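Two complexes are shown next, each including chain A; its partner changes from chain B in the first to chain C in the second.
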Partner chain A sequence: MKTSIAPAIPTNFERIFHPQNIAIIGISAEDGGTGFGSGMFLAIKAMGFEGQIFPVNPKGGNLKGSHIYKKVEDIEELVDFAIITVAAKHVPEVLEGCLRKGIEGVEILSSGFSELGTEAGYELEKKIKSIAAGGIRVVGPNCFGIYCPKSGLTLLPGPDLSRQTGSVAFLSQSGGNAIDLAHKGKWMGIRFSKVVSFGNGADLRETDLLKYLADDASTKVISMYIEGIKDGDAFFESIQYASKNKPVIVCKGGLSQAGLRSVASHTASLGGSRIIWQSVLRQVNAISVQDLNELAHAALAFSLLPPGIYKRISVVGGGGALGVGACDAAEALDIEIPPFTTEQQESIGKFLPKPGSSAINPIDVANPFVPPQVLKEVLLEAAKDSRIDLQIIISLLYHYKVLATAMGLKVTEVAPFQELAETVCDVVKTTGKPVVVVLPNPKKGLDDFDTTEMLMIARREFLERGLPVFDELSDALRAISQVNGYFAQRNANHE
Partner chain B sequence: MKTSIAPAIPTNFERIFHPQNIAIIGISAEDGGTGFGSGMFLAIKAMGFEGQIFPVNPKGGNLKGSHIYKKVEDIEELVDFAIITVAAKHVPEVLEGCLRKGIEGVEILSSGFSELGTEAGYELEKKIKSIAAGGIRVVGPNCFGIYCPKSGLTLLPGPDLSRQTGSVAFLSQSGGNAIDLAHKGKWMGIRFSKVVSFGNGADLRETDLLKYLADDASTKVISMYIEGIKDGDAFFESIQYASKNKPVIVCKGGLSQAGLRSVASHTASLGGSRIIWQSVLRQVNAISVQDLNELAHAALAFSLLPPGIYKRISVVGGGGALGVGACDAAEALDIEIPPFTTEQQESIGKFLPKPGSSAINPIDVANPFVPPQVLKEVLLEAAKDSRIDLQIIISLLYHYKVLATAMGLKVTEVAPFQELAETVCDVVKTTGKPVVVVLPNPKKGLDDFDTTEMLMIARREFLERGLPVFDELSDALRAISQVNGYFAQRNANHE
Partner chain C sequence: MNKESAIRIISNALQAGRKTLSEFESKQVLALYDIPVTREILLMDKTEVQKAAQEIGYPLVMKGCSAAVAHKTEKGLIHVDVRTIEEARNAFDKIMAGLKCMDGAVLMQEMVSGKRELVIGLSRDEQFGPCVMFGLGGIFTEILRDISFRKAPLTKNDALKMMREIKGHKILYDIRGMEAADTEILSRILINVGRIGLEIGDVQEIDLNPVILSGAKPIVVDALIVLK
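Moving on, here comes the complex of A and B:
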């Protein structure tokens, strides 16, 4: 496989992702925000987009006090980016207008193109491609558009996405997956540089966008959901190029026979073979994930853990079965939980309640109410073992609900999540070894809703200190193993 | 392997699981409910246990107005069951008192026995065994006890478990897993007949309890978490016996080398070999699961789906990627999502919004705001296909948050979950084919907390109508495949 890469196309992506001014074409003055166009107008307003937004509709009129332009060319100011929501048949003429106006790129949210599988649909999409080739970049059609927290662009229907910017990019052939991951990221702590739902990918799609992200300084982790690819060689060359410097996480939908049938893509040059995909992804050191949740967990780990290989870990939790489960799950992922020596067990054990605790590793603190300061001592002591690369703490904060109820207090008043976040953060600073937090919650019902809320606040406390949080130990271990796999192969390739 | 089974031991389990009167031994009058004994006293009171509770402590005194007996023999009334929470060294004399008092069974919550790995610990546990052999049944030591929703017995620390009784039993060597599953079941809709955390299992443990549950009329699904077993032949004979009539779901902890080390069991006659375990479990038609979440999903499916094999399904959801994911996941689990004929697609398609929808199967309704009455027509139409054994509806109710915000209303006022639950229930009644509901929620953050709450209320609406609900499609499909596997082998064995 060639490792050279074609020179970047002369697109000013800055104008697309961080536009000064945008136009929304296909807005209705009367639909009260239920249409795509007016929905996007309200969503981008709600996001606090700082530039000007020009609504466009051949009928003209007014929308919430904004003048509606009849044509994009009627706008006097420079427009960098346009959002097109008109019916499919009107898209070509609208796109031509955008090209004439000197707009750098557009997203076409409208559907009714090649995904219909009809001759008319293909013809319309061909027209779009040919107009794009004339000098305007197109995201879509049949997509949810671009989300860029820094500039305030948002996906359909995403008025409530986070404005916190970060290092994770996500490219998605599926609009549903794009909006879902953007929402998941908001509470999971995945901060995005750019999310692009590219739908049918008439112009910009997996390969071009990947090339762009490979050299994008604001992106440190690339993730993608793809169903079909257009040019296998170019795509895998781009991954190989990108993954030399940053992890590329790939979720490929439609690898089963039935899934392949369900993928409405006629451009997949690598078909649906799971074996071929997995072997090629391995060859280019991409991280292959099964579904969107696994992708999210991997993105979180890659964005919050320092680059490195974490083969030997300590696990601190409460309850013997947690430790057993940790060992079973870790071994399957080639992660070791080495038993501590008798001397180490003694020095750790002196902090633990008796009887019922164990300092072997996994460390069983035996009691969910062990104070954070004690857990800190345990973590500091365990980190002294030079074999340990990373520590996991499984915090059973949900047990404080029972204590709070008995004390007649709120669980948020009783559970020491803030102190725990501070002490764990101190441990990371002191030891230089990352700590991953697991916050399981078996109490999600309506009468334990305060517990669910407390755990979400606790999660925020950890995340604000840069500590990755997972709901389940198995998710944490799998994500760590993906970090290990990527950096191990990258190191081997560099040798 | 022998298929005969030894006659049941002459234990009156009715007195143990549904005691009229109980004693709690080792209660302190002064600890304010923070000790195990007084904690259990308050927990069982909170559960609304209808019988008498006699607190016992050598010091005597009063607890919340209840007289504390100095010895269990001082109680005048008949006592069926006792909860022992005294320090390990005092357990033998307390247990002897219980035997003399004619108590049928006890649970020993105290730790400090064989799990210590010390000579003294083994000796103490041996004493317990020999006293038990004299005519009293023992659950524990080092356990969280018995939870029986019907009688109001509860686990440590479980004052807030559900009193709704049901058909699922759970036996657990781990107290943590017992309390976690009991809590998960409360909101997931798993209703329990009996949960037993048996800890070290000095007397009653996996085999005896399994035999009892095999013939227990109130138990229709048996689930268990085990680390080590005492008598492999007897255990597997019991599973084989039980699984002829009801599913037995087994989660075996400690199957890895590291996990085996972490299991503090010295009685495991079948060691830790994953291959042996899996092959033997398959032979006796037990359902083998990887972890507690998988166990919970399987228990939910077995308890709510009518016995049967659901090989061919329809999936109704929104968004193409959901359909692709459904196909990929289903195929790996030997579940088929057969494409509908052109005629069927036309009759289903006439209910769907255009463009963007697809009636092939998976059915993509394209829009999260399709009214429940329309979804009902789609489900009714799809069920007419005689190939379809079961239907899955993936409801994207969380999208209503954006709509509610735009309308200035609460999401609970806007999302039509109740109507959806009613219509889905109607579909099941009309078609005779089960419907499984998937309620994903990518919006779990603090500013979407109303969405999380709405989805928990929606879940309750579905569950109250007997409709199983899963968070993720992959969990639902795996659980269905486990139902399929069990009944397929059972049918084959009966032929």
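Moving on, here comes the complex of A and C:
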């Protein structure tokens, strides 16, 4: 196996992702928290980081009661990890200090390196690389750093990210995408093991991080946003290795001609041609996605659905058109919604309101106010069909706004989301077949904020029970088909 | 051993200051890598025509062969379905006349008949190195761009999958009275084209178009190897 970087001493990533103590270099006592350094100090405090944080600035001083060290070497305690936010030209000397101090790794948030495309920028980055080769790992420069819910490390500027730990890792060349996905994940229910925004990737980048995550026990799903890669062969090898162990979801930016131009100026790396990229991703059985939304949906499905292939599904919803749409969308994704037998249609039909309902599959419950207990019976009955691998319930909870208004109550008091979440959870436990929840919300206007709020609370109820929730049926189906594609291929390769 | 012979053909061309191999040389390289090509003989002199024609057997295809010729059809340098010795001699004269300004010869080859044309190629990607291409051949290559790629080296599984990946993959099935394509041989071609790319750094591109399915068997009918 060829490796791009082979440090003499293996990197102790534990000290980088779960540091006991950290230093933040470039904190100013004078900026009142508006600088990167002070911002990170406050953010990591807000996240509730349990270790010690040592602020460092050559001028010394005091920040909100914490003593500011002049040099990192002045700190007496062992420091595992450092965050560097000083101006680009000072980064090399600061990094050398960290190396001497015995720090395992740093993140350099400062920009002003190769991304400028200037001689001076390249020179500075070269210096960083050579210092790193001496025995300290570097994330960045020109990045938003590491987010690790378990340890409390957070991205710039992320004082309000979730501390709920999970199984999804995200590697991103773009800092903006890293912080966006971290925020998206918070309400969508994607729980992260590690998020790394690696920016210019002077030292640690896609290849090494993929290898690390491939063997990282806390990561079950790897997702990544990349623009250009440094070493095609090494990348290919590491993604192929990773993808044999766990799903790797890839959003490759800069595949259009216009995108390519902005990539060139964005992180100073080559974009590559669309067809070659798509082929390579297929070759290694990675999941290729178009954008961050699709990536988020795929990550949610992979993290919450048990590994498996869900070819035949049942869909429970309201409205005939919903059913037609489901069938059309599913067929294009190689998912089947098989009609139930006449006997089963009869046994499901017994629970449905008449007239207007249909028990064929998709099951049209006809009325948005069908009680959760009835929906439970329908789901239990549908799961009896041995062909069905997974069920989707499209819940029309937003209709309860009308009912609430008529009753003079709040929609959060009327909509039975909690009972629904409990019953759906029971169904999964009883049948052993996963249920995916779709919570559409056509009422997104200012006058329906209460509906939006209710649906957010409902989503949380489902997610807390491990049930994946999507806004739209099409998102859910696409994500399920990506799960199917990955595991089908993996099984075929193992044959 | 075959690799050394292939490298020798290529270094001779490079030493002559050429950037491409002629069709004949290209196919010699391919044959050394166990890739089925048309049976063919390179003729320098008209007196060789009769013996060669008997050896290959009618009907024949006769082409101008020179590293300088890229588009043979447009220059009247290709004669197909040659069925008699008179036609063969006549074609020889016409081709030589057409080649007058260039250093060349006449390539006489078996005429492969088959309705299904494929394309197989190799290109070097800046990031991923040699990548093998598979797709619909002939005029459809340019019109439909129905192609797939795999980074070399290819496993047999990669080869089989890249064939299934094109939209027109059903062309390989037993359809309309035609036999199903021999995917064993096709896989071998794809894998070995990748090997050429990996083993011979001087090869920049390979273009096998068309690869014709003669019954079930794929045969490389025209080939071009571009050097660095």
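One rule holds for everything that comes next: the second predicted complex is superposed on the first by the 479 of 495 C-alpha atoms of A that agree within 3 Å, B and C clash if a C-alpha of one lies under 4 Å from a C-alpha of the other, contacts with A are read in each partner's own complex, and residues count from 1 in each chain.
In the analysis below, contacts are C-beta pairs under 8 Å (C-beta built on N, C-alpha and C of every residue); 3 or more make two chains touch, one makes a residue touch a chain.
All values reported here derive from a predicted model rather than from experimental measurement.
*Asks:* First (chain B), second (chain C), both or neither: which does A:14 touch?
*Replies:* neither
*Asks:* Which partner does A:236 contact after superposing on A: first (chain B), second (chain C), both, neither?
*Replies:* After superposing on A, A:236 lies in contact with chain C but is clear of chain B.
*Asks:* More residues of chain A in touch with chain C or with chain B?
*Replies:* Answer, by number of touched residues of chain A: B.
*Asks:* Scan A:457 for contacts with chain B and chain C and give back first, second, both or neither.
*Replies:* In the superposition, A:457 contacts chain B only.
*Asks:* With both complexes overlaid on chain A, does A:336 touch chain B (first), chain C (second), both or neither?
*Replies:* first
*Asks:* Now for A:446: first (chain B), second (chain C), both, or neither, which partner does it touch?
*Replies:* first
*Asks:* After lining up the shared chain so the two structures overlap, which partner does A:73 touch, if you call chain B first and chain C second: first, second, both or neither?
*Replies:* A:73 sits against neither chain B nor chain C.
*Asks:* So, A:275: does it touch chain B (first), chain C (second), both, or neither?
*Replies:* In the superposed model, A:275 contacts chain C only, not chain B.
*Asks:* Identify the overlap between the chain B-contacting and the chain C-contacting residues of chain A.
*Replies:* Looking at chain A, the two contact sets are disjoint.
*Asks:* Residue numbers of chain B touching chain A in their complex, please.
*Replies:* 33-34, 39, 42, 88, 111-112, 115-116, 142, 157-160, 173-177, 179-181, 183-184, 186-187, 225, 227, 253-259, 261-264, 291-293, 318-332, 336-337, 339, 355-356, 358, 360, 362, 399, 401-402, 405-406, 440, 442-449, 452-453, 456-457, 460, 472, 474
*Asks:* Which of the residues in chain C end up touching chain A in this complex?
*Replies:* Residues in contact with chain A: 125-129, 131, 147-151, 157-158, 161-162, 165.
*Asks:* Would you mind writing out the residues of chain A in touch with chain C in their complex?
*Replies:* 228-229, 232-233, 235-236, 270, 272-273, 275-276, 279-280, 282-283, 492-493
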